[in-house]
Amino acid sequence: METILKEIGVETYLYLSALLFSIGVFGILLRRNAIIMFMSIEIMLNAVNLMLVAFSTFHQDASGQVFVFFSMAVAAAEVAVGLAILVSIFRNHGSIDIDNLKNLKG
Amino acid sequence: METGLVLLLLLAPFVGFLTNIFLGKQLGKNASGYLGTLAVIVSFIVTTMFFLQVSETKQPITVHLFDWIALDQFSVNFDILLDQLSLLWLMFVTGIGSLIHIYSISYMHDDENMHKFFGYLNLFIFFMITLVVGSNLLIMFIGWEGVGLCSYLLIGFWYKNQEYNDAAKKAFIMNRIGDLGFLVGIFIIGYVFNSLDFMTIKQAVIAGEASANLALLGVATLCLFIGAAGKSAQIPLYTWLPDAMAGPTPVSALIHAATMVTAGIFMITRLNFLFDLTPTVQDIIAVVGAVTSLVAASIGLVQNDIKKVLAYSTVSQLGLMFLALGLGAYEIAVFHVITHAFFKACLFLGSGSVIHALHGEQDMRRMGGLKGVMKITFFTFLIATLAISGIPPFAGFFSKDEILMVAFHENKALWVIAAIASIMTAFYMFRLLYLTFFKEFRGTEEQKHHLHESPALITFPLIVLGILSAVGGALSLPGNSWLNHYLQPIFAHKAHAEHHLDTTAYMLMGIAVVGALIGIGMAFSKYIKKGEVPVEDAQITGFAKTLYNKYYVDETYMAVIVKPIYALAKFSRDYIETGLSNVVFGFGNVTEELSMQGKKLQNGNIGFYLFAFVFGLCSVVFYLFFLR
Amino acid sequence: MDVTIVLILLLIGALATYFSGNALASKVALFFSVAALGASLVILNQFNQGIDSGFSAVWMKNPNVLFSLKVDGLALAMVLLTTLLMPLIILSSFGNNFINPKNFYALVLFMAFAMVGTFLASDGFLYYIFWELSLIPIYFIALLWGNDDVKERKKAVIKFFIYTFAGSLFMLAAFIYLYQKAGCFQLDVLYGLNLSAKEEFWIFLAFFLAYAIKIPLIPFHTWQATVYQKAPTVGTMLLSGIMLKMGLYSVIRWQLPIAPNAAKELQYVIIGLSIAGVIYGSIVALKQKDLKKLLAYSSLAHVGLIAAGCYTLTVDGLRGAVLQMIAHGFVIVGLFFAAEIIYRRYETRTISDMGGIRQQTPKFASMFMILVLASVALPGTFNFVGEFTVLYSLFTKNIAFAILGGTTIILGAFYMLRMFQHVMLGETNAKTFADVTLTEGIVMVAIIGFLLFFGLYPKPIIELITPSIQEIISVISK
Amino acid sequence: MNTLIAIAVLGVICLLAEIFNLRKAIVPVMIVGLLAILGMTMTDFGVTESHYNNMIVVNNFTVTFSSLFIVLTIFLVTLSHNFYQEQATKISDFISIKLFLLAGAVSMVSFGNLAMFFLGIEVLSIALYILAGSDRLNMKSNEAGMKYFLMGSFASGIILFGIALIYGAVGSFDMEMIYQASNSATTVDWFYIGVSMITVGMLFKIATVPFHFWAPDVYEGAPALTTATMSTLAKVTAMATFFKLNMAMNGNMKFEYELVIVIVSIASMTVGNIMALRQNNIKRMLAFSGISHAGFMVMALLNLENATGSLFYYTVAYGLAGIAAFTVILYACKGKDNEDIENFNGLGKRSPLMAMILTASLLSMAGIPIFSGFFAKFFILNSTLQAGWLILVIAGVINSMIAVYYYFRVISAMYTKEATEEAQKVPFEFYIVAVVAMGLNIAIGLFPSVLMDLF
């Protein structure tokens, strides 16, 4: 794996994951569909995962990759909860557009 | 022994006051009246004992009662000083006080609050004694304010009438203006001499310690004079005294003629050594005194209320006394105080007797022809009137003449003013006499029906005072003055040179007497010969109107001082207070408004929240890593 | 016996009152207030014998805070003022029928506890805690048992609370700053601090804000009149009689010695402000329609003079201020009580609704009159002793101060007599005015007796407070 | 270490109890269990050790904060019984979630490795998402859950990104290594970017301006007991964690970083207080008040060496006051569909004790002696000034005045307004929790050294 980094360079991975992360951020900022926002968050988390893996290789240290498992597990749990909430919103509201969620304000 | 007697002197009236206030109602009217009188008589007797002793030994008596106020540089103790001056004053305070108490037993008999009246009178005597016997300025100040309080209480004695209450309040407040001056004077004296004790200050002055602070002392004496002007009703603080006639007549006699209003003269005489150091202030005093005497006398010319005339006459006479003080002739001022106390008390009590007979009528236009019915009253009144007009050999002649003589020697202009005032005095006093006692009665039929001479309790004091008015001049005969010798120890320097009975003196006496006779003659021709009666208020015109309305001084004060203060008070209450309050609330309102605006930001839109989040994130990262 | 006993008695008293139930509350409160008075008299006796009744124990090590109470003449005088007034105030309320009396009296005693603590504390932190603590009970007393419309009252009371709280927070900031410098809050250590001129200036200002609002000086007084008016009379008495003395006491105890150079620099400004307050308060008092408001403004004028005395930084000024604090404490409590006595009978505080009372109750009229006279500092009353001393100290600073400050004796007489005339005099009132009851009489007579006795013989009080004042002056002028 | 395991086990027991039909016993057993855990945790005081390759460390910091969390959880669990009466069948779920939340909280303060930190924060967050949305049929609860979830996971992403950057810079998740890296001059810039991203994430969790927008909405929408959990336990946990992170990562904090903290602190205090002024819903008001308290708490970061005690004291005071306040809110708003201040009208007459407790807790939050909130503010301001930030002290002081206003609004509503309804009986647990919490609050006010001397 080291060789790959030598050929492509760790910065490139960094840029890529930063790009992915930014896409996630923009997705969350711009989209109003809850599902898509969930996906954007997933993109953010996966961007980080990518970075972690890259760094793991860069440092020749396994803990980074272990961390990725953690983060994937957590992300899964998180999304499960998120979807559950979304389902109950959909039941009550009939829509998953988060712009409808404006009752709490002021 | 001395302490005990001093306490008796002081406390007898005070005990009288307490008893009358707390038990008066149970005691009944007569008992309360006699008790009050007795208390003052006790004081009079003790005073006489001390007076005789001090006349003999010529040694002042000092008594330390207890410590009072301690200041950093000096302390003020409750000490009593009985010297020639204070004893002389006490003599006529308690003496005339006793007479007026006796008078009041009958005069106030119909009043439901008679016990209170005697309580207040006793309290007044107590404070007056305190004023006189205090050995330092602050004890004097206790008495000074205390008599002011009693004056307030007694002017407003008939408290159901708000006008009387107004008069009482006015008296108190105007006195307080003077009191502030007095207080500032006290401060300066304390500051300069590190003591308020008369003896100590006198020693210091004699030792020349004051010479470094003459300017400051000038301020002090001026302030003290303001205090005296307030208490003794001099320009510009005199307007309360005529109003003070709202009180019962014995009060006018005791407080507003004979005793309290002379406190200013007492104080200046007490501190004569200080005033001697500040000739400028003395000049001011002389001028103010002379002008006051003229102004008051001119107002007195046209007044129709019998007590008002007497009140203005009092102001005028007090002005003469201040003239004497200003000229450094303290002993003459004191002399006039005493003679004035005799005849003015007699006049007031006489007028009280008349008012009593007429059931409260005070307007001279409704009087007349009383000499037949009220013989004793008329006779004593006549003597007193002659005395005040300066007709020899009555008391007033001697004292007034000496003042004029001093004025003539010191300043001719002042002499002229004083002489004119004297002529006016003679005129209005005889005007009063004629209108009241001569011609036929002008009141209602019913009043006429009830006309009677007053009872013995009223006539007795009149007779005594009448006699004193007649012979009081003997205290200080020209050329051989007992009074001057007696008072000599209290002055820092030799008393004012006695005027030898030279030609000038005789000439001046003659002028004075002629002047008085002119005044009397004018009054005679106007009111007896022509039989005029003063016109009703509305018909008064011209300069007389100005005089009748007292030069509009009250109105001016009202417009220039009282009204603006009220306006300011209203303005402050309505605008400044609310304004300040609104400023404070304003802070709250601004924050609340911010809150209202902020609520709009919290719009419930998750997109906006996320945007804010990202914005915050970016700013932090940007600031930390790119802006550096 | 050390001085904590007074505090403990008051605190236990508050609890006991709360748990004694509504029927007994007032009596229990009275009992404990008298007990506290007794205890403070014992402390006074000990003090006179030279026994130190102070108390000190470590409270916190980090930050370094001692639970220390210092008993000197000054503190003791103020404690005695409180413990003397408390039974009177409680007794004065016997004629009122409060709802929930147990809460009410517990709060009153608790307030006394806090105020006594403020006077005694010699550790800045402890002092601050007591200072703040006294705000809570008065807030509730004024809010829950006050007069008039609830909404208006709430507004006034919360304004008062936030305003005074705001001021004292700045004092807290100053204390924290001082702690950084000194490493502890002990009074004598703070006295000995060497601060730069700039530091002193700001610390002085922070303290000033707290005290100016509490005292209050113009223009920080806007809370005063409305709260005095809205609070129940007991609350007004506590506020005017004791609580605002806390501010003045603190000036002497804390502000001046800690920041003496700033005090010297600013004293003329502050004296000027105080004296402006004297005149302003008097003038505004002239045209008040509400009796309690009028008294509030009179209080504003009087405390202005006291504050001016404090800032002269002279022995006379401070001593006069303390004397006047005590005298004013008594007289204002008496006057508010008089207002309350009238209110109990006529159910009004509007001056124009009164009048003609004197005829019906000569006794009450006389007592009221004496209080009015004491309030205008007639010589022979205790107030004169204080006012004279203060005015003299002002004179030693500048004659203009004395004259301007002295206008209080004119204006004071003006508004007080005007008030008296409209409240008591005039034609007999149509409404009947029942004679004063026994408890009312006792309270009035006690106050009057105190004022007259010490008016003629203030020596014990002067001797009590002078050594500590001289000590403070020596700190200031070091 | 044992604490964490025991809590997790207790959570599982709670779930099992439902299976074995021991529903009634759940609350008492959990309380007893938590008390036992509390005792066990406290015996660790004074011990410094690490477990699992330094994944978990035990020291005084972790022990004290863990104990606080456990105490708060005990209160919350005690309140659960009455609160979930309507949903009695689900009580084991709710309680076990609370216990897992506690486990997350404990691991957040006892981490020795960023992985553990991340796990802890996620366990805590996910538990809170569930609790926030737990009132399924209530639109407000749904919305709150959704908002919290979206923003929370977004923040998690940010934190994770930060962790990744730090890992990239240091090559390890171990706090010791990170600490050394933070003190070395050769550390690459990423590291600091990572630190600042974690900072932002944590600022979000403790709800400071400008990352605070979620808090009021979520607090208002979530069921009251959840709000109580969020505003006490979660906030306190996040703050302690943030403090610990800073101790490890910002050994030599730069001035710029401090300035960010200062600005955030001032902004939080000001915005929180000002916004709280005009709130009608008491939960929302307390959310804003919590924001301002967060502003106070972050001041502790400016004096990392000395502020531990102050911060702990603050969290304890704030936590206890919050518990007491929410107990009364739960009582007063039971059976209502909102938590408006009108519900408190006349509470002083209806239930004097509850009114008194709420008053006391609000006074404590307002920072008025003798309640511990005052001491907390004082200590924290003191340590801030010690670090030289006079401006923060002044800002804190000014904000305290504003705060008084809205706290007193509630108080005066309780005592001056007329009650609209009959008095309800105070449930026994509420009574106990309120009195104990307030008693502890006052006790630590009277004896602050008890806590301050722990550090």
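Just so it is clear, A, B, C and D label the chains in written order, and each chain counts residues from 1 on its own.
Please note the rule applied: contacts are C-beta pairs under 8 Å (C-beta built on N, C-alpha and C of every residue); 3 or more make two chains touch, one makes a residue touch a chain.
Computed from a predicted model, the values in this text were never measured in an experiment.
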{"item": "Between A-D and B-D, the pair joined by more C-beta contacts", "value": "A-D"}
{"item": "Averaged-CA centre spacing for the pair chain D and chain B, given as whole angstrom", "value": "77"}
{"item": "Separation of mean Cα positions, chain D and chain A [Å, integer]", "value": "27"}
{"item": "Chain centre separation in whole Å, for chain D relative to chain C (CA means)", "value": "42"}
{"item": "Chain centre separation (chain A, chain C; CA means) in Å", "value": "66"}
{"item": "Multi-chain contact sites of chain A, meaning residues that touch two or more partners", "value": "28, 98, 101, 103-106"}
{"item": "Contacts with two or more other chains, residues of chain C listed in rising order", "value": "162"}
{"item": "Residue list for chain B, restricted to those that touch at least two other chains", "value": "588, 599, 602, 604, 606, 610"}
{"item": "Interchain contacts, given as pairs of chains that touch", "value": "A-B, A-D, B-C, B-D, C-D"}
{"item": "Residue ranges of chain D in contact with chain B within the complex", "value": "146-147, 150-151, 154-155, 158, 189, 192-193, 196-197, 199-200, 203-204, 210-211, 213-214, 216-217, 256-257, 260, 271, 274-278, 402, 405"}
{"item": "Contact footprint of chain B on chain A as seen in their complex", "value": "25, 28-29, 32, 98-99, 101-106"}
{"item": "Residue ranges of chain B touching chain A (in the complex, touch as defined)", "value": "599, 602-607, 610-611, 614"}
{"item": "Interfacial residue positions of chain B with respect to chain C in the complex", "value": "21, 66-72, 78, 116, 138, 141-142, 144-146, 149, 152, 156, 159-160, 162, 165-166, 169, 172-173, 176-177, 179-180, 183-184, 187-188, 190-191, 219, 565-566, 568-570, 572-573, 576-577, 580-581, 583-585, 588"}
{"item": "Contact footprint of chain D on chain A as seen in their complex", "value": "14, 17, 21, 24, 28, 34, 37, 41, 44-45, 47-48, 51-52, 54-56, 58-59, 61, 63-64, 66-67, 70-71, 74, 77-78, 81-82, 84-86, 88-89, 92-93, 98, 101, 103-106"}
